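For reference, the structure I am asking about is given below.
Chain naming follows the written order as A, B, C and D, and within any one chain the residues start at number 1.
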């Protein structure tokens, strides 16, 4: 079939972890010949609606992106282009009155929770450092899930939480991580680039988030919670193709049971993770997949404990 | 940890020196420009360009010091552009600076995207590693803080000394300082104000770029967009804070970095739980302003700063 | 002293030869086919009205401008144009009309600037300072090599400028209005230095508007008018009157000053002390009466509190202690605006920096002090009235300019000064502060300014004339005070003191002894 | 070499350099597009259509110019008095914050009353933010370039705190974002369905107002005098400190209006990325306009057109979108050079 014209609009460069997952999925679909794909990165929210309109005017059939900062305006654009499907990262729910705009988010708390189990099991000091960019829901919920997982292994564990006030300042994230290590952390939650580097340099462990960074830090990153955008995108492409695309919350496609999230292979840490943790991970994975266990979704700002 | 404990830990000071290093390079660069009479607002963009070019050069196979050299040259290139527009043509230094920051930043991002079109995570290089200076690094407190840094940090301090020496103890330094104070004094002694000012801007811009490269070659090991994150603007403040003197400017950079390091650590203390994190992030800026207020009376601003010199006009 | 210097005989080879120099700035021809020779040990005085082209000619010789036509030969070899470096290396030293010193450097640093190769290591401070001290000794140029220039007085700066030239072994010394900012004593010291230099074979080109100086120091006088060399005289064969006439192109009649009968004191200073700011001394318990219909002269070496007195009367500073009494009443919250409304007309010392705004046109400059009171209605400016006022001033005070819309930057100093004078006098001020009102002006302009001050006085205004030119003070003033280190001498009636007596007061003598009422030392 | 003013430049002399500058900018863009694998020759048309090609494009250009006119005026006013206000970014946010604080229900007034009130409040907020650095300058001699620059960082962190704390939208799903303005607090749109709003008209009115102030009022005269020569102004009895403070209030107020116009006109709510550097671009605009208030309007339109056009072109031509910023920067640098060369000639000397 004719490939679908798809455009991506991102407010950050495509290297950013979150967006990179969308970008990679889109590139894969493009390589399969399902879609044609073009994108704009680093688009400020001021320009965002204009870029949406432009892509719509150019005849793109599906526009993916993130409208966390421009919810209302983006919806206005969608209303003006009813023939274009919009799949947008959003903290809000779908609106039945706007059938051509569906929402998604990286609901990978399942995987974060599992990675937390690894962290809790492997931290000897019971002190875990967490470095975040901004305390927004997307970050908060994963941190909470991670913390819940870690507490499963060690209820007395303490967490240091810091926000660096930037999405992209690896040297600063690294400095913050250093400070946490000085302060007793032997396990870091690497929400930002830079944290694993500090862990590697100081010989402590780290847990990856959204992407698998073990390749870069083979003896540092013990586990990673991965987000896979492919299920979300593939479902969308199918629905656009058969004309059944409609307002919906595609967030569920990020759930583990949909294949939208997973714990990365342990790789170099195979065999180093305590059996007790592996057992819990196995049972919880199964429970999550069959729906008998649900990881709590908590969007509140996490605090040090 | 309480504040005192933090302040007396070597690792805290080590962090402060580390955070200060890129600022020292760039502040010295800006200081040289301003001493010669040119406000270089291109600093932020030049740092971005330096961070990228140094890193990409190493990624492409050059040794680390080669990367530093490439960054230096890149900075000098942008410096040449700034100097040409602001010195012989005497265009507004505000416009040229802001324009150059925009140009250097966007050109860097563009080049990055053209060179690395489809990466989801930028490649890493083997960055500078800390080098413990024998004996010195064993000193209590100072050893780990001062003498267990990466070679590029040592270079920053050497450069500071070199700048101070050049400015105050060499004929060239005299000429640069005079050019920023009263260019006609320089011209009347048969020297070319244009050449001196342009030279200062070019060399100063080179140092700024090395400051940027510190971020990718020493503080971190790959390049990200927005990595410089306003550090250039801080350096403009540091020059004023340092009253246009290299020694004071270095102290200012360390002080600023210390507040940054402190703010990171304070977030983990008891107050960190109650005080919004933004307040901690503000701390270095607020204290900079307070320090400026205290220092303001005594600073001697180069009299011809931002004043173009044109032989034909009076 | 000049006649024995006829060694400037044609037989000797000239050290410097200017040939057919022409220089145009846009439509203005600043130098028009100027040629002359300078001989070893000779002093040439270059005379001309403001804007006659003297500075331009010297700038061409020094390589700061490039001539449109003609050439310069130095010691028989052609001098490459537009290269100050070549001129310096060829032995030309220039003391510019405006000082060219970097305030943030020390004296020795300023002097050695650019002498050693720029890319060399280290500065040999020791030998440099030793040499400066030796030169200072030899040429009576007392100055501390380690002093920062920002701390120097005007006279000291002038010495540094000359040392700069001597340090480079200059064979030809160009001095562009070197005495314009000097006290008589300083000027005398400068001449002593010059004579020393001449005796060692240096040649000098000397620019000045002060004819008695020209008569005293030069061997030969060249007169420029509108860029052309219009006359050449041996100093021995001419006199001041002829030179003045040559410059202006017509005879000059100096202003006449009749002795006035004083009226009541309009402004009184009672025991006023003001703070010392930096190197500038404040006033020390100064009492002074400015009486109606009388010119009060203030003599003194610059930097002895004149600035403080002038700032005080202008409204820029308030007394620290003591009081200011205006028409019999004390004044509080003293500001420039208050001073203006109180009828004080102020002619500032520095017309470029304080008197005018260079990029404002004449209209805007004319209303600078009165825009708020005379030309505004509820915050709106009445430009038509302002322009008319500017035209009145231009016409009434002989301001030579293309029109009220010209930027004042383009006017010569004399015309700028006339505009300031006009804007002040048009307010019919009862008290006039005239701080160095004729500094740097040519004879024609000087006469004009003096006449205007005399007229104001005649209609009953109280005038305070501050000047470092003792001749001017003695010529104009009904009463003379001397200021030294912030202290004020008693008033001396016209003709009651000789220049030497005043000079002694200026040097600080007489202040410590108790005074009798009439101002004579007991 | 030196620059010599041309007494009466001919119209060719005036127009040639800017035209060449524009051409050179396009040439640079074409070259870069070629390097990135784009089609160099097509970009000219794409930029033009991107900026002006449709009603939508044109209005988008006007839209983007709106905040730039405000910040450009803010900078022009301040720079003319030699008050180096680099903090328009923060002042813009101050205006936006107060608009949101008062416009989300705190004041329930009908639109014709509420809108002017909000605008006034935004001006006060922006002005208040510049007053601090201005006082530090006049009272203590602290360099305002640095203080206003640092204030940008401080105030943005403060906004970030507000958006995560007291000003956070309870319905915002935890995202740092303010509640939406009530409908009465929204500036109406000029054309239904498109984003252009009456903030643009307000910007034009402001430009004319500043022009009138500059040329016709005592304040304008005072501001110019202080900027050109503060010492002479003080001597002449102009209350220099008061004039600087008034200038600061006016400048900050204009920047505050930019925030008001963006929130009340365009966004309807406040986020931390309300402004992609409008405060800094305002400097570019003001300098391109040679600090002339009416020139600011044209400069803002020029900058907006380049940006919108080139941004759109980069998408259509499939080259990295950073090309737009490159074009903007080159256009700025080449244009100021061209403006200079249309008034001066280079002479060997």
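Heads up, the rule we're going with is that a contact is a pair of C-beta atoms (placed from the backbone, for glycine too) under 8 Å apart; a residue touches a chain by one contact, two chains touch by 3 or more.
Molecules present, by chain and UniProt name: B, D = ABC transporter, permease protein; C = ABC transporter, ATP-binding protein.
The structure presented is a predicted model; accordingly, all values stated were derived computationally and were not measured.
Common neighbours of chain A and chain C, by the contact definition above: B, D. Relative to chain C, the chain whose mean Cα position lies farthest away is A. Looking at contacts between chains, the pair that accounts for the most C-beta pairs is B-D. If each chain is reduced to the centroid of its CA atoms, chain A and chain B end up 35 Å from each other. Centre-to-centre separation between chain B and chain D, using Cα means, comes to 28 Å. Centre-to-centre separation of chain B and chain C, using mean CA positions: 45 Å.
Shown for chain A are the residues that touch two or more other chains, namely 42, 135, 165.
Counting partner chains per residue, chain C has residues 65 touching two or more of them. Shown for chain D are the residues that touch two or more other chains, namely 4, 157, 160, 164, 320, 322, 349. Going by the touch rule set out above, the chain pairs that meet are A-B, A-D, B-C, B-D, C-D.
Against chain A, the residues of chain B that register as touching in their complex are 1, 9, 11-12, 15, 18-19, 109, 118-122, 124, 215, 219-222, 224-227, 229, 260-261, 264-265, 267-268, 272-273, 277-278, 281. Within the complex, the chain D residues that touch chain A are 50, 54, 56, 60, 64, 157, 160, 164, 172-177, 180, 193, 195, 262, 266-269, 271-276, 308, 311-312, 314-316, 318, 320-322.
For chain D in complex with chain B, the residues that touch the partner chain are 1-4, 32, 35-36, 79, 84, 136, 140-143, 145-147, 149-154, 157-158, 160-161, 164-165, 280, 283-284, 287-288, 320, 322-326, 328-330, 332-333, 336-337, 340, 347, 349.
Across the complex, chain C meets chain B through its residues 64-65, 84-85, 87-89, 94, 96, 98, 100-105, 109-110, 112-123, 164.
By the touch criterion stated above, chain B contacts chain C in their complex at residues 169-172, 174-175, 177-178, 181-182, 184-191, 300, 302-303, 311-312.
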